[in-house]
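There are two complexes below, and they share subunit A, which is joined by subunit B in the first and by subunit C in the second.
And then the complex of A and B:
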């Protein structure tokens, strides 16, 4: 490029201009990179949400129309307005399933929080064998839920090991039909859920206990507080954000629990262990009443949605104190 | 003196209580392992057989090669499941959705952590995706998938698993990125590194183990997912947990041994992964809100 080649005398000013241009370019590049990143970071999320929108629209459509899968495509079904909602809301079986779900989630959450907190409390200070216990305690949480279900079916089988152990402990032969009778079946499921997720509570509680600020406990001890007083008036209040987090996550997960119910009892005996997910599954995939299931889904969406809204508010509020607690000790 | 005896008492009580829970926590898993080595006659025996004697590998061979198994002279009902295809499906679907979820999560987490592309409170709403019971959207999802011809395909399941695990990957990775001081990147840029170089040379090495832990954590979730796998597959793309439920036949003729043998194959990888990343499990399950122990 003979014309464009700057002579040795002219090199100073274009060089300066080039430098300025480079600096400016760098500045905008950095800003543009942010913008570029902004675009790339959000695209998948927006795509995912766009992908889910038809699902929600379809849900509304189905809940307002009576569609029977084998009579024709869904867009030819009859409009029935809010009939289905009325039908669903006055149905005994549905309301019972909701109540049962809440009882199940409540009791299993309570039990796993109590046991999990207890275990974390016992494991909080180092002692020989602590790592050993920890490793074995987290195994239930890592087991695939379907496998958990089948495992307990083997254990609770009428001539299975659980009844045998009970027979050894009490006089006479115990032959409880754990999964064949109403109350034992429900209690078994609560126990299975508790067994499965106690490690989750334990590891989170343990993390909380270990990274809790030490000074308040020390101060209370110096002031002569007893172990129990320290626990109830110092440890527990300090652990509140962690407790809130655990209870919320556990409760919502238990409400949505399906695999264990499906593998262990399928809602039986009768409908006695039928929770919301099981009833919804049966309605749409066993009775093929898709529209009714859609209406039920909407009712549940509203109920659970409200809980989630409150839960997210609560979590956001607790997150601040959790963040300070864990960045302090995180190091 | 009194204090010392009390401490000793506490220590003993601690071992007793922990050992009691140890039995409760591990017995079901022990029973699964034991049953998988038992001969068919012992699966349902009363009194139960505590130790398989003699231990046999028949169940494993039957499950993984598809040969029918003999029990007291009679052939047990044959189970027509293609375990290797299920294994393949599980690996592709769980692996694919994990990689995708973590890649998207990485971008989003970096964007939020460094450029606030979304306010944190808004990003928090992502948890709705996780907290909503999947069964609630299962029906319209299946219809939507059948119009898109995504039912019973690998990519169909990969898409939905990616979406449902996104909250976990974003929040977990974000907690790792938040731990890298922004000043380090700025310092690198002052020393002449470009933005991309700063990310590649400073941030990536620092969060590498965190990203690996996130991958493993998401793998645990996608590998064990059951409900969506059940309703969105019909035979081609069925994953291992879904195939496992095929063993459910008649209540009395249960194939406990075979079921246990396959269960072990499904579970062992997760237990190994989980124990490898046990330090990060807390962070994963708490969406990064709780860091280390």
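And then the complex of A and C:
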């Protein structure tokens, strides 16, 4: 109807169109806002990458060139291809350092988790003095690792307090050379690490225990399950994701432990406590062989990356099994 | 306030804030009290700041010409830098306008790493660095240490040292640092035990030889085994065997066998019979020592020897003021004989005596510093004859030991180190040898230490350990380059003692 009356629907059309436009505009704005926020949230990641990528690239460059810091600028170093990687992967000292690091991280993590979980289990129910015990148990974690190292070095001296106390408890004089012999030195460091970081495990496990749903435990109790059965068949499966998380975190942290090794034994006696961080430090800051240290770092990155990948897979698996369990139980 | 159950609820009687305040007050008091007392006590016997002599006046005049009013930064271990060096820097500031504004206090073991970090960064923000003498070739190669010869020549600087200390601060003919501390190992043996008639008889009955101050390693080891038969009551030796330090004692034995770590063709020189004999001698102490893991300069070994639990010790001379102080170590003070390390007759018939410097620190001026000339003058000021004499005479326990001939004539030093202790230091400095000092010294030293330490643990046989040293060193030599190392080895040889045996005058 050109030139004619718009008709009854015509007056509604612009209104409807306006409404539709408004709705669309609102939706677009929300989308835009969402998009904007999404990108905004990504900014730290982008910045981190911008910061990290040059470093990683430089490290790749260095690992492919032989640069010793005191022999000239890095850009004049000779290209050696993958020689340094081959050198590292076939070096007995490096492989031993990796093995030591894994044994150290594994044993200290296992002990921390066992003791930390035990303490958390004891502390989960309220009782008089619980706050005091909580504070008391977390003190080691609040102590600076270097201080922990120096203090234990003094305590573990052959004629020091630890041997003195042991001598009071057992017949005869205890004269263990805790830091002067291979196995005691390594065991001492595992103990120190466990002492230092058990509280961390305890805190996380305690948080997990407290936030655990009470119904399954109540149901098991009503069905006549013993405390042992409740622990092994209800509590432990429910705590698995937390347990896996804490094991991963603790293991990775222990793998990178340096201050205690350096303050207590400096990698000795011999090289019995020379772990990856100690050897890396020596290579870069005593030998100034920055290129070899770069190649070592990449090998370690690969190893740790694999562990993290497996760990994430494990965590996801745990999460899925828990989700399935709660879905089935109608939770 | 109590709840129905009778349990205390609400705020405690002592608030957390009050508790924390009290804790802080107690902590500060406990920390500062002994320090203040010690300081006051030390002030009582502190000798006065010296008046500038002709040498010092020349440095002042030269520094004035710079027309600088600057506060330098100094990277050093606090134990070295605080006290005498600080007082002298204040005096220099008054004379010339050049002082020390900040002391970057880091552990002695970390100084070389800090210096290398600056060599890479070239920030120029650190004017002076206090480093281990053995790192001079590395720091010179890295372009950090500035040659000081022109400054020294301009003020006619007297750099007379006992033994080869001056050469330890030189590299390829240039002086890259000035010594502040004659860190050197001397020999201590318990006079009361050695001269005890019962011990004399028992020893003579067992070995058919008189018990006297050991002149050879054989006597030294035999006496240590004799008196250290039960290390739980007394150890035969009070020497360190810790990783990163213990190999120094091996090097004493090694040098004493007439050996040098590099061959004429810059190849490692450990896989041979003489080096094996030196390592076997080093390892022979094991049954007669505490198995502790002592680091250099740690109180454990001071206490062990100082509490009378070691028969003899080859340790650094800076412990004399402690172990001869009856108030601090009543069990051993006045009971020592001091001397030089045992010697060894060489296949050619001449007797050789060697000891080792314990990380002699040098002041190095940063080539990248905008205040290089001022820094060089401060280095010369600290190490001039009068001022260095003041520095080496510490209040109670000094960490700067004598190194100039004039230091050994100073009456105050005689009081601090005892006359016989000072004589022992004078003798030892003449046969004082560096640890491995070529470009890459830290790596060469650490690799040697690693394998010697493994041998000490019994992980490898002595000869195998030495073979491994050679193998590892070859890799480093290939990386650093024989051309460069050839020059370094020449400098290293020059820093070795010039005499076979020391002389008393």
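The criterion applied here is as follows: the second predicted complex is superposed on the first by the 265 of 331 C-alpha atoms of A that agree within 3 Å, B and C clash if a C-alpha of one lies under 4 Å from a C-alpha of the other, contacts with A are read in each partner's own complex, and residues count from 1 in each chain.
We take it that contacts are C-beta pairs under 8 Å (C-beta built on N, C-alpha and C of every residue); 3 or more make two chains touch, one makes a residue touch a chain.
No experiment lies behind these values; they were computed from the predicted model shown.
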item: Partner chain in contact with A:117 - subunit B first, subunit C second, else both or neither; value: neither
item: Touched partner set for A:157, first subunit B, second subunit C, both or neither; value: both
item: Subunit B versus subunit C as contact partner of A:305, first or second or both or neither; value: first
item: Touched partner set for A:285, first subunit B, second subunit C, both or neither; value: both
item: Which of subunit B and subunit C A:137 touches, first, second, both or neither; value: first
item: Which partner reaches more residues of subunit A (counting touched residues only), subunit B or subunit C; value: B
item: First (subunit B), second (subunit C), both or neither touched by A:94; value: neither
item: Which of subunit B and subunit C A:261 touches, first, second, both or neither; value: neither
item: Contacts of A:181 with subunit B and subunit C, given as first, second, both or neither; value: second
item: Shared subunit A contacts, counted only where both subunit B and subunit C touch the same residue; value: 153, 157, 159, 285
item: Complex contact set, residues of subunit C against subunit A; value: 7, 113, 116, 119-120, 138-139, 141-142, 232, 241-244, 290-293, 295, 300, 304, 439-440, 442-443, 446, 450, 453-454, 456-457, 459, 476, 479-481
item: Subunit B-facing residues of subunit A, complex; value: 29-30, 33-34, 37-38, 40-42, 44-45, 48, 51-52, 54-56, 58-59, 62, 74, 115, 118-119, 122-123, 127, 129, 133-148, 150-155, 157, 159-161, 164, 195, 198-200, 203-204, 206-208, 210-211, 242, 245, 249, 252, 255-256, 258-259, 262-263, 276-277, 280-281, 284-285, 290, 293-294, 297, 300-301, 304-305, 308, 311-312, 315-316, 319, 322-323, 326-327, 330
item: Complex contact set, residues of subunit B against subunit A; value: 11, 14-15, 17-18, 21-22, 24-29, 31-32, 35, 44-48, 50, 104, 107-108, 110-112, 115, 117-118, 121, 124-128, 131-141, 143-144, 159, 162-163, 166, 179, 189, 194-196, 220, 223-224, 226-227, 230-231, 241, 244-245, 247-248, 254, 256, 259-260, 263, 266-267, 270-271, 273-275, 278, 281-282, 285-286, 289-293
item: In the complex with subunit C, residue positions of subunit A that touch it; value: 66, 68-71, 128, 153, 157-159, 173, 175, 177, 179-182, 185, 265-272, 282, 285-289
